[in-house]
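After this come two complexes, each holding subunit A, first together with subunit B and then together with subunit C.
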Partner chain A sequence: MTLLNAKTPYLKKETSVSSMMRDTLTALAFLLVLPVARYGARPLAMAAVTLVACVLCEIAWSLLQSRSINTSDCSSMVTGLIIVMLMPLNAPLWLPCAAAAFAILVAKKPFGSTGHTPFNPAAAGMAFITLLWPQRIFSYFNPSAGEVLPVFADCNVETAPSPAAVLKNGLKPDILPFDMLWGVFAGPVGATGILVLCACGLYLFLKRTANWEITAGCLFAGAVMAALWPRIACAPLTSIKYELMSGSLLFCAVFMLTDPVTSPRTGFGRVLYGLLAGVLIMLFRRYGAYEQGAWFAILLANAVVPQINSLVCGDRRWGEELYEE
Partner chain B sequence: MRNRRVLLRETGTIFLNGVLYKNPVLVGALGMFPVVFAGNDLKNAAELSLLYFFLSVPLSLFFCLVGEMVPAWMRPGLVLASSALFYLPAAWLTDKIEPGSIASLGMAASLMICNSMMLSRANEYAPTHIGWAVAADALGCSAGFMLVITLTVLVRSLLMTYADTQGAISVSMPFFGFLILGFFAAFVQWINEKRSQKSIKKR
Partner chain C sequence: MILRHGIKLDQQKAASLRHKIQDLPTAENQKKTEWLPLRKGELNSNAIIAAAQAAGIVDEFDGVPLFRKLKKLRRLKPDMIVACCFDEDPCTTSAMATLRENTNAIIAGLVLAGKACGAKENKIAVATKHEAKMIQKINPQADLILAGEMYPARALLKRKLFANRKNAAYIGAQACAALLAAIDDGEPQTSTVVTVAGDGVEHWRNVRARIGTPLKELLEFCGLSEKTSLVVTGSSITGRAVTDLNEPIAATTRCVIALKKAPNYKEYPCIGCQRCARACPRGIVPWKIQQEMQNAKPNLVRLTNVQKCIRCAACTVACPSGIDLTGAVRKAAQLKKSGDFIDIT
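Entry: the complex of A and B
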């Protein structure tokens, strides 16, 4: 028996952590195309500033710990880009930086960096800024107003309620299905383009970077809850359409829940985890203080992962894949 | 001379354990209610710390004296009754130093009578230890409580300065206090882990 000196997260695939992160970065970059084409360079500026903040936080932590600086696995960049995708386009540029700093300096590095984080750093960063600046997080630029957004300066533009906020108030969102698919409605930068999100999800599943069981479980649970307990007076299918396409449920199901470090290790465990996260997201939407609480739901689901692992796998010892017969 | 030095060193260790390494709030998860509920401004923090100090020191010393004479099954009830009795001079003293403090603290002040930290120290620690150690422990726990509640207030105030209106409301809620306590507790765990690694290396 040979002991392989492998680094966490322990993956049974040919892929490395860096290649997985690169795939995720590619998918996230695709999500930026539509907002940039529609609203100019502001999404790019937001992404650039946040990525710089992430790298600076990584460097600062390494210097503080007197360790060598290593940002080659790109995990902090993924965290930064996920945060940007959940921001409103008119958010001040310091807001994603604050979330990124919290994610890296509080939720990621103190736990031992990539492979050791019990909670998704991006979700923790988003939860932090949602608690402190909810008015800024849920104030979305109105795309139909046709205003030009400055690249770096703070925006004082016309805002509109997002479909998630409209649903929260018990009303039916007034958006054409075609606009909903292409993301022409008020919402987070990267979570509105449903078609692009689906394409990115498919890319990640085919590359085996993300586990489809989690996303499928989450969307199934969300759809069932939307059909059985609709928030607006409408047919079950209409309720499912609005619940799945509004807010950040789809984005979180594809990019945040599938984080291999914070998700269960077996197929059945992943399905359970996805179902639980889907139910929690829908409960947060219905009873939460905010129109979107997907990141709070993800943090709660992350906390249950060790229990899911031990429940599903019983006495099986972790790290068996380290040993080669 | 040597015995005196050992005694001083051990007293210092007991005191430091109460302040940081075995902080009753962060390690024992005791007495969290006043910290998360009333730890919103520095005035509250100072008043609660004073009240805790005036209540815990005499209560612990009293149970150091009489604790062993009381059967174990009877002790928790007696601790609670004595705590209520000692609360009267403690509240009077706190009110003397900071007039109007007990009224402004309201429920948080009177609930100090049945504070789990107080009950644990007086019921479990005080009857089985010598007076010197009990005094050091009570002082250490008072200082530890003051440290935690002050730091919680400082973090909350800092965040409330920058948060928007709704955010400031969230920060002042008890659940946010629990989040801050969680981070502090993790920090103390980290310090303790580093200490134990260091002591293993030394051996």
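Entry: the complex of A and C
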């Protein structure tokens, strides 16, 4: 019997980077349940195609750099699924693939993969295709028309303005509150089911995979902006309701802002980052050219993160009682 | 932010707690225990400390001879003395099993230790409420406090008591029992309770073994598998891999873990999840230390609190990226202590 001289610790860890990424993947997969139940297999096809594109891009980059291929940390899949969730269901399947390719090949891999990305790759990919094909990103099909979507082929279906677009035009969206909670309105694949989103967020916070400070900060800032400066003539609470539930604010606050790599590392810094991102998202909605530009806001907020990190001193923790050894 | 420190580990204590402590059969030719002469006269602080010295008792938690510890404590005058009857390590149960089987001996030993160092309060620290109920059933007079199941429980208990303005001293469960045996019967400390665990042994047991017995005998008594490739003494978090099974059991060996396969960690870059800072019971921010230590010339001012590290390795266990944060903090502490401003290797 030969005994090894292995390094500590000798117990199996429960959390690793790949298990955290798998938690996020699980939460994202749950978001697909409602669209699949309602509109058939197209969301699944879209997700599968994008995931394959992500993994292929990752492998291609590894080959280009002549490094060993390692996709075990699942981070590229998370990027891919986030992109799918932000797509309209009637978008051609090459559109999320283009976003994923940009995200992996330009925003993630050249910086040194997971742990080194200064900008959220999914946000970068979305920003890229928003600039190139804005009409395709923001033309959502009408879920109440009852049309069946083809699984793989491009679809020409009746489109409807999303609540975010209606708000942008200064009108009040005409949607029942119940439909709004269950996501029966024109919008991105995964960002409409508000109740499912809340459940997924709760799951991630309880698993400590995502930080609730960021999401809370972002939603608070968004709500305050919506209450103080409503875009439509209505009561502050109504304005908050429509602003938080329309577009992809909630989705971005739960899944994109909480990416630990691109967010600040101290508790106070995270709150600050969330607030900043919330304000930026609302400003993009109000003054931006598109009906919403949450990903642009996230990229801008990411750019500020190093400053927040060095501004907020994290060397000591506050309110600690330390005994002397 | 919810201020919850430490990390929760997957507890695997049930298997070794199912059986009573078993005695490891000793070889025929081994020397019989020489009993000490019984002490006569008044039992004061000096007599207790002298008895602990004569019996050669060692505190199993920190490896300090008990008489030296008691002398130091007598000088420091603690308000409270706490017997640590919980095991931080997820598969060690030696302290818990000792408490379950020798509850009254530990309480009596603790009272003696309290008398020796002049502490007014005596408390027994146990891990869970369930454990506390069990001990209350055996001895309703036992004065218990909960240490919790978060790792590192000992450091967190110290923190908790310090925050409650209690000046507490800590003593091991087996040392308490040995102190009573030394004073009542004149018995020197010759044996220690060791938990044998891991998938490399057939029976997970608590075994009372003579100090100095080779680890081989102990492991074979518990059914050592041929496929074992890693034997760890101490704990699965801060322990040490053993390469020679003839190594003797020491008084501080509370656990021997035999594993068929060494766990393999993939190392990723830091993703900034803050788990290490949350796990640390001493207020260190390990990722920041690690980041600073990666620089060619670390700035000593930025290595905050590193000298407070107690090497519990909670940060390394908590890290999802598998980074050796404890190593970085240790290097930083060495650097800070040495005052070496120019070159570190």
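The rule is simple: the second predicted complex is superposed on the first by the 299 of 325 C-alpha atoms of A that agree within 3 Å, B and C clash if a C-alpha of one lies under 4 Å from a C-alpha of the other, contacts with A are read in each partner's own complex, and residues count from 1 in each chain.
Just so we're on the same page, a contact is a pair of C-beta atoms (placed from the backbone, for glycine too) under 8 Å apart; a residue touches a chain by one contact, two chains touch by 3 or more.
All values derive from a computational prediction rather than experimental measurement.
J.: Taking the superposition on A as described, I'd like to know which of subunit B and subunit C A:V196 touches: first, second, both or neither.
T.: In the superposition, A:V196 touches no partner, neither subunit B nor subunit C.
J.: Pick one for A:L132: touches subunit B only (first), subunit C only (second), both, or neither.
T.: Touch status of A:L132: first partner only.
J.: After lining up the shared chain so the two structures overlap, which partner does A:G112 touch, if you call subunit B first and subunit C second: first, second, both or neither?
T.: Only subunit C is touched by A:G112; subunit B is not.
J.: If you count the residues of subunit A that each partner touches, which comes out higher, subunit B or subunit C?
T.: C
J.: I'd like to know which partner A:L81 touches here: subunit B for first, subunit C for second, both or neither.
T.: Neither partner.
J.: Scan A:P260 for contacts with subunit B and subunit C and give back first, second, both or neither.
T.: So A:P260 only meets subunit C here.
J.: With the two structures laid over each other on chain A, which partner does A:S19 touch: subunit B (first), subunit C (second), both, or neither?
T.: Touch partner of A:S19: subunit C, not subunit B.
J.: Figure out whether A:A124 sits in contact with subunit B (first) or subunit C (second), or with both, or with neither.
T.: A:A124: touches no partner chain.
J.: Once the complexes are superposed, what residues of subunit A are shared between the subunit B interface and the subunit C interface?
T.: none
J.: Inside the complex, what are the residues of subunit A that reach subunit B?
T.: Residues in contact with subunit B: 106, 110, 131-136, 289.
J.: Inside the complex, what are the residues of subunit A that reach subunit C?
T.: My answer: residues 1-20, 72-73, 112-116, 208, 211, 213, 260-261, 263, 265-267, 314-317, 319-323, 325.
J.: Give every residue of subunit B touching subunit A within the complex, in rising order.
T.: On the subunit B side, the touching residues are 159, 162-167, 170-171, 176, 183, 186, 190.
J.: Write out the stretch or stretches of subunit C touching subunit A in their complex.
T.: 1, 3, 9-10, 90, 158-159, 161-163, 226, 228-232, 236-245, 257, 259, 262-263, 265-266, 268-275, 277, 282-283, 285, 287-288, 302, 304-305, 308, 310, 313, 316-318, 320-322, 324, 326
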